[in-house]
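Just below sit the structures, each encoded as structure tokens.
One chain, chain A, appears in both complexes that follow, with chain B as partner in the first and chain C in the second.
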Partner chain A sequence: MTAQKEQGSLRRVNASVDEVARSLVGRFQTNRGVRRMLVLVVVAFALFAALRPGVYLSTLNLQNIAVAAPEIGVLAIAQMLAMLTGGIDLSIVAVANLTAITISTLYTAAGSRGDALGPVFILIGLVVALVGGLVNGLLVSRVGITPILATLATMQIFNGLAVVWTGGRTLYGAPRVLTGVGNATVGGIPVLFIALLLVAAGIGILINRTALGHKIQLQGANPTAAAYSGISSRRTLLGTYVMTGLLGGIAGMLFIARNPTASADYGASYTLLVIVIAVLGGTNPNGGFATVTGVVLAALTLQIVSSGFNAMRWSPYQYAVAQGLILIVVMVSDQVHLRRRRRGTPPALPVGPATPPTPV
Partner chain B sequence: MSARLMALRGSNNEGVLAAVLVVLIVAMSLVSPSFFTVGTLFAVIRSSIVPVIFALAVLIVIISGGIDVSFAAIAIFAAYTTVKLSGAGGSTASLVVLTLLALGIGAVLGLVNGGLIARFRLPTLIVTLGTQSVFKGALLAYIGSRYIAALPPSMDRAGKHDLVTAHSGGSPVSVSLMVLVPVLLTVFVWWLLRNTMFGRGVYAIGGDTEAARRAGFRVIRSQLLVYVLVGMLAAAGGVVYVILGRNANPQDLVGSELDIIAAVVLGGASIFGGRGSVGGTLLGVLLVQLINNSLLLVGVPTAWQRAAVGLLLVIGVGVQAAAAKRSRKRVFAHEDLEVAR
Partner chain C sequence: MSESEAPVLEVSDIVKTFGGVRALAGVSLSLKPGTVHCLAGENGCGKSTLIKIISGVERPDSGRIVVAGTEHDRMTPSGAMDAGIQVIYQDFSLFGNLTAAENIVLTGEVAAHRALYSRRRARPAAERIVRELGIKLDLEEDVERLSVADKQLTAICRALVHDARILIMDEPTTALTRTEVQRLFAVVRQLTERGVALLFVSHKLDEVLQVAQTVTILRNGSHVLTAPAAELDGASIGRYMTGHDIDESRQVVRLPADASAVLEVRDLTLPGAYRDVSFTLHRGEILGLTGLLGSGRSEIAESLFGVLPARSGTITVDGQDCTIRSIDDAVAAGIGYVPEDRLTQGLFMDASIADNIIASSLDAYRRRPSRLLDRRRIAETITSLFGRLRIKAPNVSSPVRSLSGGNAQRVVLAKWLATKPKVLILNGPTVGVDVGSKSEILQILRQEAADGRGVLIVSDDVPELVAVCHRVLVIRQGQVVQELEGDGVDLETIQRTMAA
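== the complex of A and B ==
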């Protein structure tokens, strides 16, 4: 804060109060989303570790969690990015599958030279994802189609193309570069998990430290204000959806690295799951606010609960119930918290019910 | 002239959609002689029976400004639970009792959605994502995960009656009596949206919730009712689905939500709420089913179906978006003129 001497002291005080308040509000918001997920991760982990320590705390189980979380984590980060602008991207899973299918097809076609050309194929796979993102971006920013509809349509198109391409079959085979990465660990930590952390860090920097990131946040928080600040919403949106496409491509690489198969209908349940994770991680579905840390923690939480249910021999159906309940309880408690805070600001009269029980 | 053209076009582009449908039919008939037959017609009608019921449910939610991805879970939950509770093949319950039971289950599940949405003002997509997961999971975990091959006799009998039978290409083709359900429901929803205070309220809330509140509509109660109604329509769709399939499989239906939403949007309903019509929705569903049924006849492999529907959706909403942009510009240009004067 560089307040000049000739400015009135009142003004300076005002400015500093403003600054402090803003940073407090910012920290409070950041902390709430992240703190909540941290608590959930720890509680979920402790619960299952206490219930069945033998199975749950085994290295195998922990590594399984760390290997399964990255692909949905990366997809959720992509979804978070789209939601940050107030949009949504329903096509990311389809894009991820297209990338995986591209890599697998090229690898098989190349025959014995497939492993040597692996990096090239990966690059081509990422280009496919980029093109997918570009199509979304153009539909949203140029044609002006609402993101949910544009990506609903492109989801059908990308998925349809994948069905045509594979004939509905599952493709086998992946370059050794990828499968090697899929099996490798560094100090006991799977490389795939490290990849998730790298992607998260990269997107965190993109959002908080780059011009595009700030534009994305402002676009989501208040499109009108963004427009009047001279931000081209077209370019911001285009950049966002190209980015989500690219992240989808990275997720596709993770798919095939973990399991050297590719098919059009892999991860069919991911499309909606990824939205759940993004929202759980504190992303505002209306745009303007999200944290990468929260989203990564949310992906971990769901994976921890899922493998916990496995360890307890509870059915995946019960896990589906738990997953839905977690989402609803978190949303409702958020809303109740928000309302209470709004009411609580002035020394308010005790109006309305304090904390209504959650009817779930 | 332009006024008449506008009237033909319909308030939600129904005219355009109908024209596309006709062009498609003519083109298909020219390409493949086997297309323009009673067999194809009946096939399209048969495959539209269940989607039309779901689409009506989705239409109401979309007009009210929301979106519901849990209706398929509600449908199969209600239908499967009804079959299971009644004792499946050994049941003596009449069709009326079974249907009422299913509708009741649908209403309760819809009430859960509506309660969460109206009471806590949560985003509808997120809430229904959560409840979809809960409903489907609860069905499979606590009610049953096994396929039931023998329906209650009353349901089984209902599926055997045909409304019309005709001969096409030497083999008999028919349309089940069940086709009357979507027909009756279509008329009901059309009447509800057009001629009742509730229906007008749904449009008003979808157009502008705050304005609707100030105009005296009871927003919370209407929203609750919308989701209860959607739950009941979904349950009806589920029962018809089970009757037509002659079995109850708890794994069915869930996963097809986005296809139905696509058809409704194609039918001119605005995802922002406040706009949409029963006629347009009907045309949207028919168009999608026509494409699904006819691509094969003109030599396009079925694998292209999904991509074709996606492409159609892009074109449909793209044209709408472009038109909206143009009219916005026209308004501004008009205002500029006024200012200039």
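== the complex of A and C ==
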């Protein structure tokens, strides 16, 4: 009798342990944002491959996608992290440029020893990014300024510094460590793309497997309950913005690795683009929910569409329209899903005329 | 107001299923003008679903809704309002940054498609309602600065501006003190004289019986009985609601004489809230802290947890002097706090039960040297608490939003028990929790105390304090006015001292 009971409780413990493990590991399979982006990636790719197979499926084009996506992807991951706490970081592109400019300036100044000192310059560039992140973090967590305003101000400051520093000119030159990486491939896959995957894996681990990551999610899910749970918003937010700064620095390295130039106005359109990507990837702009996988897939989707437009020789303005449309379609599908769920009916069985009409 | 008068609202044979789960299995209800009807039942019995159906938020699978003789086969929220049905939810749905007068009038202005809001028109309309009900309400104050009771009055006034014929109130008394409840009931009597039909949704039995003429009880989505309130008492309603007898008797284990102090508070003072508060909490003891709303009881609890640090005085936890200036300090000292406002302060509603349980103890599960979380140990902790507190949910990854009040409260409790606190402070531990769950939660507290924790319960639910507390401190105007111990802890004495 007791043995049976014990067995039963053991089975129950096992089942629950499995359950927890599945919920922690397997979030990605069950997540809508991820599934949706996976579909979008495949559809976009198939569409352009069918329209222009000769150009689109060439190794050159594929590698171009894989080389262009990482810098946007890393910036979007940084944005996702800030949005996970319910905040936003408008200054990441400015931080990235500041890092690129720092590295390029030091390299040029060092003259013939520039390549040997490359790693040191990279480190200094990353320190600049960390300081930028730290300033954001202090403004948000200690002073208590709303993230959108704090980072808007620092974005202006960092941009301004960059322009004053470079005199508005484009700097040329980067350590061979970086340019070498920028051109290298491993088994046909550009190293830059591998760098994106590494960053994504690192942030995935941070979010799901560290105390800080869990605190970041809880802080975004309900700041009041987080405070009442003994989670220090100061430390969590400071950690978050230092991390977004660091990711900005890494993006700056990717800028200069791909193309050995640095200027204050590089990637001017990225600031808003990475917000779009983060949201497309399933990040809740109110905080508390995001997946790295979704964001990486969203970055890839936009890059695939962008290069597709290139291959079709459609204009960048048409691409801008497409970007906006993709965002709207995804948001509409979110709303439809939400309303169905609120009405308590399974999404597979729409209920007659009450289903909101899809805007045409 | 005669018995034969036609019902103003009649719902019959309402069936509603959610994804295969039957929430309501053929429930009927009829409401007469000028009467108070109470809808009682444990959380999850279908009360809220029934209200949502009456107010047009949910559509029933089958059944009839007849309002004042007109059948509504497709009730919508605006249709319900036009038919004179108003619902006052627990959160009152008020705009905190607007004044009471604006709150009372504004939704009506919007409904009337007025493009411009006129302050001149608003004020008299609000004043008229307040005067008619004979209540005191500061119409010019921002609603967020009003007391809970005044917020409720604001919501009632707003409903009346809409010419409500049927007023449904969801748990109207849970957040009120005894005096405020009496004041509410006076207003309720005013309303019935105006011919308004009231439907109270509640599980606070004793209060309900004071004011209701008819009681309908639901259990697991089924209609159990409808009877005149005069034929029922607290015990019988409890039995109908749960299907078994509820034990609310005093069960207190004697403390060993040499039980050491786990929390010592000396001369704690926070000007404007309380002063010179001193007491000792022993290992294994359950100490009650009671008083009316505004007596300072909640503030004392919040000071001990660092939310509202005290100005002067000393706090000693387990023999160690502590300076508690923030929540971090309190948690580091080994204090856990189950807050009064579970939904906003206690829980991450969209996160899973597992994530909620582990929220306060994350740092304890960091592995060295990688600093990654030890997921196996986390799973063990979560599973053991999930089982020990008997949280009713399909599994630990269910979102907390899907839980009933009692189960949600167990999750908050589990979150703190996971930190293995020396002192556990609970502010209103069973607010919004149904009777069956309530006695189980109290039993959990007895168990935790027996395991050597100090438990401090801050509450104005006197029967609950009598049921579990070794000692009770009564707070009045920010000071401890009486300490009751052993057999001295009884309902009458506490209530008398609180209100004196």
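Throughout what follows, the second predicted complex is superposed on the first by the 315 of 360 C-alpha atoms of A that agree within 3 Å, B and C clash if a C-alpha of one lies under 4 Å from a C-alpha of the other, contacts with A are read in each partner's own complex, and residues count from 1 in each chain.
We take it that a residue touches a chain if its C-beta (ideal position, glycine included) is under 8 Å from a C-beta of that chain, and two chains touch if they have at least 3 such contacts.
What you see is a predicted model, and the numbers here were worked out from it, not measured in a lab.
Residue by residue along chain A, chain B and chain C are tallied for touches, and B comes out ahead.
Look at A:L218: by the touch rule set out above, it reaches chain C but stays clear of chain B. When the two structures are aligned on the shared chain, A:I145 is found in touch with chain B, with no touch to chain C. Of the two partner chains placed around the shared chain by superposition, chain C is the only one that A:T210 touches, whereas chain B remains out of contact. Of the two partner chains placed around the shared chain by superposition, chain B is the only one that A:V276 touches, whereas chain C remains out of contact. After overlaying the two complexes on the shared chain, residue contacts for A:T154 are found with chain B alone; chain C is out of touch.
Of the two partner chains placed by the overlay, only chain C lies in contact with A:F289; chain B stays clear of it.
Considering their complex, residues 88, 90, 139, 143-146, 148-150, 152-161, 163-164, 167-168, 268, 272, 275-276, 279, 285-286, 315, 317-325, 327-328, 331-332, 335-336, 356, 359-360 of chain A touch chain B. Residues 67, 69, 112, 115-116, 119-123, 125-127, 129-141, 145, 255, 258-259, 261-262, 265, 271-272, 301, 303-311, 313-314, 317-318, 321-322, 324-325 of chain B touch chain A in their complex.
On chain A, the positions that touch chain C within their shared complex are 9, 12-13, 16-17, 19-24, 205, 209-211, 214-215, 217-218, 221-222, 224-232, 288-289, 344-346. Partner chain A is touched in their complex by these residues of chain C: 18-19, 58, 307, 327-328, 330-331, 337, 339, 344-352, 354-355, 358-360, 362-363, 365-366, 371-373, 375-376, 378-380, 382-383, 386-387, 395-397, 415, 419.
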